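See the structures that follow.
Note that chain A is present in both complexes that follow, paired respectively with chain B and with chain C.
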Partner chain A sequence: MSLLLWLANAFASAVVGATKEWSVLTQVGAPWKQVRVHAPLNSTFNIVGEYQLAKTTRHQFFIGLNQLYVDRKWRLTGDVFAGTIKQIGELSQQGAAGELRLRAGRTTGKATPWVSLGTHHLLLRDRTVIERESGIETTVTPKHVWSLTGAVGIEVGFRDNWGVVVGLDLPWIPVPAPSIPGAHVGVTWSAK
Partner chain B sequence: MMFVLLMGGCINDTTRFQQVDIVGTVIPFAESDQGVLQVIAYHAQYGAGSLAYPFLEFDRTEFDSVQFEWTINIPQEEGEGLAIRAWLDTDGDGNFCSPDFQEEYGGTVVVDNVDWIVDVVIPLTDPCDF
Partner chain C sequence: MFITFLMACGADSLLYKENPIRAMDMHLHVGIWNQIPDATQTDLATRFPFPFGLEPESLTDQVLTGEGIINELDKAFLESGFMYAVYAPRSVGVATNEYVISQLKSNPDRLFGMASLQVDDWENQKDVQLDALAMALEESGMIGVKIAHPHQHFRMDDPDFFEIYSVAAEFNAPVYVHTGPSPFINTNADAPYTDPAYLEMAISSNPDTEFILGHLGYDFINKKHLYLDTCIDLAQTYPNVWLEPSAMGSSGSDPEGTNLAKAFKDIKSADLVEKTIYGSDGPQRPGFAKDYAERALVAMEAANYSFAEAQMVMAENAEQLFFREPQQ
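Moving on, here comes the complex of A and B:
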């Protein structure tokens, strides 16, 4: 009973977005790890900074704008992100990236389910150098890589401004090949 | 935003080639041999140590004559050296030899010094090996 009283009504904060205070999400998992910070601009918009790491090889830095669309028993928000990806190792890649993301979560209850879906775009620039007797010719060819991001999970609130998140990561990187699903656990915190 | 723009200007991957003009003459096994001339370009050597092996193909084409000029782009980061192989498709089936036709001959030349223009003479003396 004391544990149940200790559990506050959970509300997806940095998980779903449109926070009213500074909020942070930190999560670890296999293979995805992430830190996300929400800074409210007004009642509708947040500035979001996000760093995502897959294993130790794929680093993604995003900054974006989060907008509140619906705020009832379920909250629906949307993000537009821009940033960069640097992937090292055998499948090295680096380039500018962007994502449009929708996030939804229940706003009441001890444990609130949430879901996230996104369309992710990576722009790569590949250089070809041909050395001829007459000189060197260099051309740069752009390449677009489209991926889908998705995750689903539950947040359980503790006290007034803490939460624990568990989730499944279900990306398609890149389309059309579905990636091996991942799982994560995390902690959310909001300033009072 | 400046950081994003800067990263957008970054190069993801660079592939380097050396362009070489091959001037080739093929000597058929028999003077009467006729057909489409198939020519294939290989790295002479690929890999290192216990994983080293010869002849990594990187380009191929065909000609209507036993004398040809062919401009190739040799990838610089895959293997070493250059070898040119040629064979006459005398039965016109697109395959070098087959179980029911073994009267085709090929030849391979390893180029010692890869310059901007490479002259090769390829005698077709290698028979089918079934």
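Moving on, here comes the complex of A and C:
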């Protein structure tokens, strides 16, 4: 019974967006780890800061604007993000990145399902070096890498302002190659 | 073909026209990740599905060993595999004869080795390298020689290197030769290094050496057939020439699946099925060996190979060339 009292009605928080208070999501998983902070501007818009880490080598820093579209039994929000990716190791790369994302989640109930879909764009510069007997020729060309991001999961609320999140990550990085799915668990918190 | 694919999903062996088919993979690689040049590491890492490419060493060290190869053979329902030594420090890296020999020990009934040698300082090291090659071929399980002119940067028609073929013949060790431009960094794509026509002098002057024309002269840079006709002509002309269609039919090199089917069709039209040996050039990534075997079977079915013809390609021709008798 006491556990049920703890399980307050969960509501879509930093997972789905359009929060009315400062909200934080922290999650760990394979391969993704993430911290997301929502700062409400008004009843429709949030400023969002997000840091994502894949394995130990791919760092993504985003800042964005989250907008509320629908807020009934289900909440639907959209994000526009801009930032950078820095990837180290054998596939080292660095460039500007952006993402348009839709997030949806149920707003009532003990355990609320959620889903997220996004179109992600990374701008890189490819350097090609051709060595000939006559000399070395170097060309730099821009390269656009398009990926699709996606995740689905459940959030379970505790007390009034805490939640536990579990989710599956299902990206395509880059399109058209589907990536190995990931999974994560996380904690959400909102200021009262 | 679709029905064959569906049946393969629940099968416990490779199937061809709904019947189990025996198969050996005569072209597999082992090695140590940090013995691959940095630029090639990057190139290989891009081939792994995300996120494996982010930290490829942990993945490759599981796959590029004798045990890893056995796992891939088991997943692919392959009876045995040939692991290649490589001495191409400027391009694809180094996997020494000693390393290959050490990996054979994990399953000597199913793993065999193809020796190689370093040619970078041939003027000064020729005798040393030929002796080392001979020593490697004396080891049990080392049954052939692998060389790659575009990776190792020596011409196919340079007679200074023909003693390699004499040494191979002494040990009845077929010589696998990479033909066609290579997709890897720091390789030489010029014709004398890639066009098997330049190998004809070596083939004709070494009639006791068996030559396997690997990749069928495929142009991996432009992803198209380039020297397939030359390979077929040489195999028709010389009894000591064999054909091998590895790598060219992968999803990356042949996304439409048409190039491998064309190769098998042309081989059959030229009456060379009995001189064609299956190899994949795996493992490249987990599951590649199985995927390539299935792609080869689909391509052979598209080229109207009978079960007997497909069986020759997948196992019997290799047994005849390397072992002179069935291995089962």
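We adopt the following convention: the second predicted complex is superposed on the first by the 179 of 192 C-alpha atoms of A that agree within 3 Å, B and C clash if a C-alpha of one lies under 4 Å from a C-alpha of the other, contacts with A are read in each partner's own complex, and residues count from 1 in each chain.
As a convention for this text, a residue touches a chain if its C-beta (ideal position, glycine included) is under 8 Å from a C-beta of that chain, and two chains touch if they have at least 3 such contacts.
Everything quoted here is computed from the prediction, not taken from an experiment.
In the superposed pair of complexes, A:E133 makes contact with chain B only, with no contact to chain C.
Using the contact criterion defined above for the overlaid structures, shared-chain residue A:G83 touches chain B, although it does not reach chain C. Put simply, more of the residues of chain A are touched by B, taking chain B and chain C as the two choices. Contacts of A:S179 after superposition on the shared chain: chain C is touched, whereas chain B is not.
Judged by the document's definition of touching, chain A residues 92 lie at the interface with chain B and also at the interface with chain C.
Residues 38, 41-42, 44-46, 49-57 of chain C touch chain A in their complex. Put simply, chain A touches chain C in their complex at residues 31, 54-58, 87, 89-92, 171, 173-174, 177-180, 182. Interface residues of chain B facing chain A in the complex, by the touch rule stated above, are 1, 3-5, 7-19, 73, 76, 116-117. Considering their complex, residues 61, 63, 82-84, 86, 92-96, 123-133, 140, 143 of chain A touch chain B.
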